[in-house]
């Protein structure tokens, strides 16, 4: 019953097999190999666009490089106040961008409303004292497990265009959002106004494989140098590329995401049906945010369930977590077993019944 | 006949097998997993010292993080003028250190003489205009394929101690140097005065696995934060660690290095025995630097040999490369086949005989 | 009637005279001159402490250098959410610190309560994902014109000590706060727990003269290099030092501050006595924050008064500015004339009477 | 007899008077004042071009800001190996540019030959490992006191254009070079291909007044933000501007430079006429580089002469300084008195005669 994160499991079988298969023979170093060339082209096919693709080893590197390409050292990047780029990367965007600032805006469930962004921008001074707003970064899936609808992305993109901001998508859970929306990768990105994308694959079945997909050619100009000097250009580049070959083959990535989402959806539905529990937000992809009575929390942990507590800062007003409650995050992955979901519900239900009886 | 680099091959079998073996089951993310803990302890056993170990994905990251720990943004780092950290990393040390300067000193075969370092330091002003010298970085194996003897390292370390400089070793080919000297890892590092080490494993049989091994505890204090914000802390950390498990098991790493060195030594000896060829420097590890008549170069390439030309800047004075010659680097790896060495010698010898006959 | 800022006037006469006086003859360059040596000693006398002093040309440089000395590139600096270092320096602290983050905390009138700081610190994770809190920066006078009492500074310092944070004071209006409290410079700084101070003199009668006064010797170690490479070490250093000689002579600086504070106090008292006006916060130094009916605002501007609107973000809750009102800042300086205060009150009073009659 | 530098004297009288004159009355802060507007226009008149002008307090700031505008963090800036930007600013260009590298090229007397630059560029790899060359910085006057002819600048500019490099001029002694060439400011800069200029005034009669003059509009785009966040935008901006008003009025700046050059030329000529002395290079502006017998050096210092020793690294080959000699730099300024030149020659001549007699 490990629901701690979608990065606690290793690689899925087709990814690992592709890696092993790619190991033989000599290949040019530093990304000049044939596997990398094939994978970069595969990205362009998937995104129906002549995008530039940079493979890197971690999501933090993908996000920080992408933001550094979009925001000058004196620029301001807007994002949700609980965004991974603000809260969880030890200042990687500040490091890669040479000192840009990230402004955190509020929004229930980690989602930014267009009006919130527009109002914030309208309140900024145009003085040289003010770091000029240069980009907006949104997470798809959000930190609260929500999924931006295509029209929501387009509305944010329109604000960005009007103010000269670049629009970045942190797609650490790109596939989970994609299958939730049932749209194409192109529709969820450049067709909706995304300029640059962090395309995550690690959480959804790879070992360590992320990509920066650049739709705005201007943003691609500096990234080859930035990636190299950041130590993110692997000498045996086939290692990154091979994972993507296994990931993309026969829509394996979409299957993985569908499984994770289905597990989360069932978990969410069955939890919500239990009296005495409530969801913090709806489950829209592969994460469930639920407010548990502390007794239930203890029972679950006693039964070996693993998961993380979560901040209630992005709960809607008037919906705070009580003193006898705790807000927790449950994450399903490609490897989550149905039996674990059953067992989790069973333990939670039992604890609630004991509570009610007491 | 691919002698281009020791990073053109994939992983050796035991490394890949360890990776596959480590893939099963859930593990804590971000380096808190059991495999990483075991490997960090393995490093301490190998180095006979309570060192702090930071696993990263590339040698550029290892070098740049290590130098950033040792050199403040306004500091000066000395190294050989053809060092990888100066010439081949697109300014990674400058990026990670926030603007430190690398001063390149001369030395035949990429090796720095103690007097060269001492004289350079003696010539620096103590004014605030002068970036203060903060570290010396040496490559073991050097860029010219030479190996520092233990007493040479100790002599450099003594100069560093006297001037308050930290001593860094770029051990991209650590194992090759180690088996060449026949000493222990401890003797080649902290016992000789090394403060911080980039321990390379990628070139010698891993896919992407490097470590920063810190002997001076002061230098370790900042590296956890630096690594995280550089995007070098992998979420599925077992991937890096598992490679090292396969690498270290049953002295596999030393076997790989001995094979590579033996292949290079034979290549070097047989080339040197051919009339009309000369070595730029002796072969001391797994690289051969040889000055070829252009006709021989053409014949080798025609026969499918792959290798890189090399700068003659570090040749001893009076030993320049002639107009009809070219200096090339030949690198042997764990995967180099004896038959490729034979064939290389055969093609070179044939071309020389044709030249002599013409 | 220019109340826009205390930096709209030139230098006061004794400062300018000292500058002219110091112009003759040859002096060593780059701060090695006799005038600088005298002034650095004068600082130590005034602060009753063997502090290290770095003269610089602007307050932004003083703040940013001081914070860079206290906060590593991956560190977090706490300050008020409207602090000058966050809002008005185009990211200078981020630039000088190489990417540190400034966290803005709330507080009425720009003042931070100890509990606010303690709670914020308690809520931070100790994970490597979290930039570690490294310093607290407070402004004395605050952005809202308030003055921290000595015991308030001491309470913040105690929290800092307990968590290993350095405590910085942005003393752009140091003299105004000092004469408001009637204490000694030592009492308002190191005796209350300040580690490093930006000592402003420009606003209070100099042309361009600020100093970083370092009480914690560890923080002084890097500043000579940092100042030089930031282009803040003037070649004709006597220019900065001479201003301080005139500034400190015969307590001229305290006289200037007393005059400014007295003008502001009278302006504040007379405004508060007018029916229909209200102060946003009490006037504690040389700034008045007053909420004006828009008609009064128009009348004042029509009569030639110059001042800036101000954000109401730090008003106490339930005390927002109405739709027909505007919050403005009025700043008195060493050069503010009593007649301007009279005239300002007269125009405001007349407008209010006309409003009441309408 | 102070020939140590042209920054050991204060301001010349017209500059100081302009400063005093500008002190009265209220002016908008942060460079929005009327004096600054007038001076920026004056620069455009003098340079016959719609240039963008940024006033700053130091030459280090001017150089480092200008180079940061021209060179990305991963870029390479070429300059002479003894250039001020490489040797004397504690890494300011590296700091302001966020980690760019300065490559130092050789050249007698601090002057770069076009072929030297072209050959260096031709030798660079086009790999992503190589920091891409982005700018060339030349000093006019050079570190060795030489003056680039207009056609020499144009030849360097042509190389830069061909390779996409920006051309920066460090004009710390701009006026001295200008009157030496007898050309217009436009001819010595943008008409010869200069893209961005550090215009120095401090050494030639100001207290602390430098300007970045930007001819290439693209390079101007970021400088307002860069200057602000570097703490180089003075709040009482009139102080910088007023110095320039005095400096430019009635060609005062050219008079100052002519005087300094004349003093240096006479000093040079009379030294060269003394048997036993030799000039390191010809005196072309306001500096004399002369190789003195140590006995003469001792006699001069005994008589109270002040000057600095100098490196002989840029002497032509075969022209090294002997064991009984020392190479020194003598700098004349607007304030150098003819009597000091006479006395210097007299002491040197006397010492030489005593030597010859001994």
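Chains: A, B, C and D, in written order; residue numbering restarts at 1 for each.
Rule of thumb we're sticking to: a residue touches a chain if its C-beta (ideal position, glycine included) is under 8 Å from a C-beta of that chain, and two chains touch if they have at least 3 such contacts.
Just so it is clear, the model here is predicted, and its values are computed rather than measured.
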Q) Which chains are in contact with both subunit B and subunit C? A) A, D
(Q) Report the chain whose CA-based centre is farthest from the CA-based centre of subunit B. (A) C
Q) Count the touching C-beta pairs: is A-D or A-C ahead? A) A-C
Q) Approximately how many whole Å separate the CA-defined centres of subunit A and subunit C? A) 42
Q. Between subunit A and subunit B, what's the gap in Å when you average each chain's C-alpha atoms?
A. 36
Q. Just curious, how far off is subunit D from subunit A if you go by their C-alpha centres, in Å?
A. 52
Q) By residue number and range, which residues of subunit D touch two or more other chains? A) 73-74, 89-91, 94-95, 98-99, 128-129, 131, 225, 228-229, 233
**Q.** Residues of subunit A touching subunit D in the complex
**A.** 30, 72-74, 98-99, 128-129, 131-132, 222, 224-226, 228-229, 233
Q: Please name which positions on subunit B make contact with subunit A in the complex.
A: 2, 4-5, 7-11, 16, 19-20, 22-29, 56-62, 64-65, 89-92, 94-96, 202-203, 207-208, 225, 228-236, 238-239, 306
Q: Name, in rising order, each residue of subunit A that touches subunit C in their complex.
A: 73-74, 87-91, 94-95, 97-102, 128-131
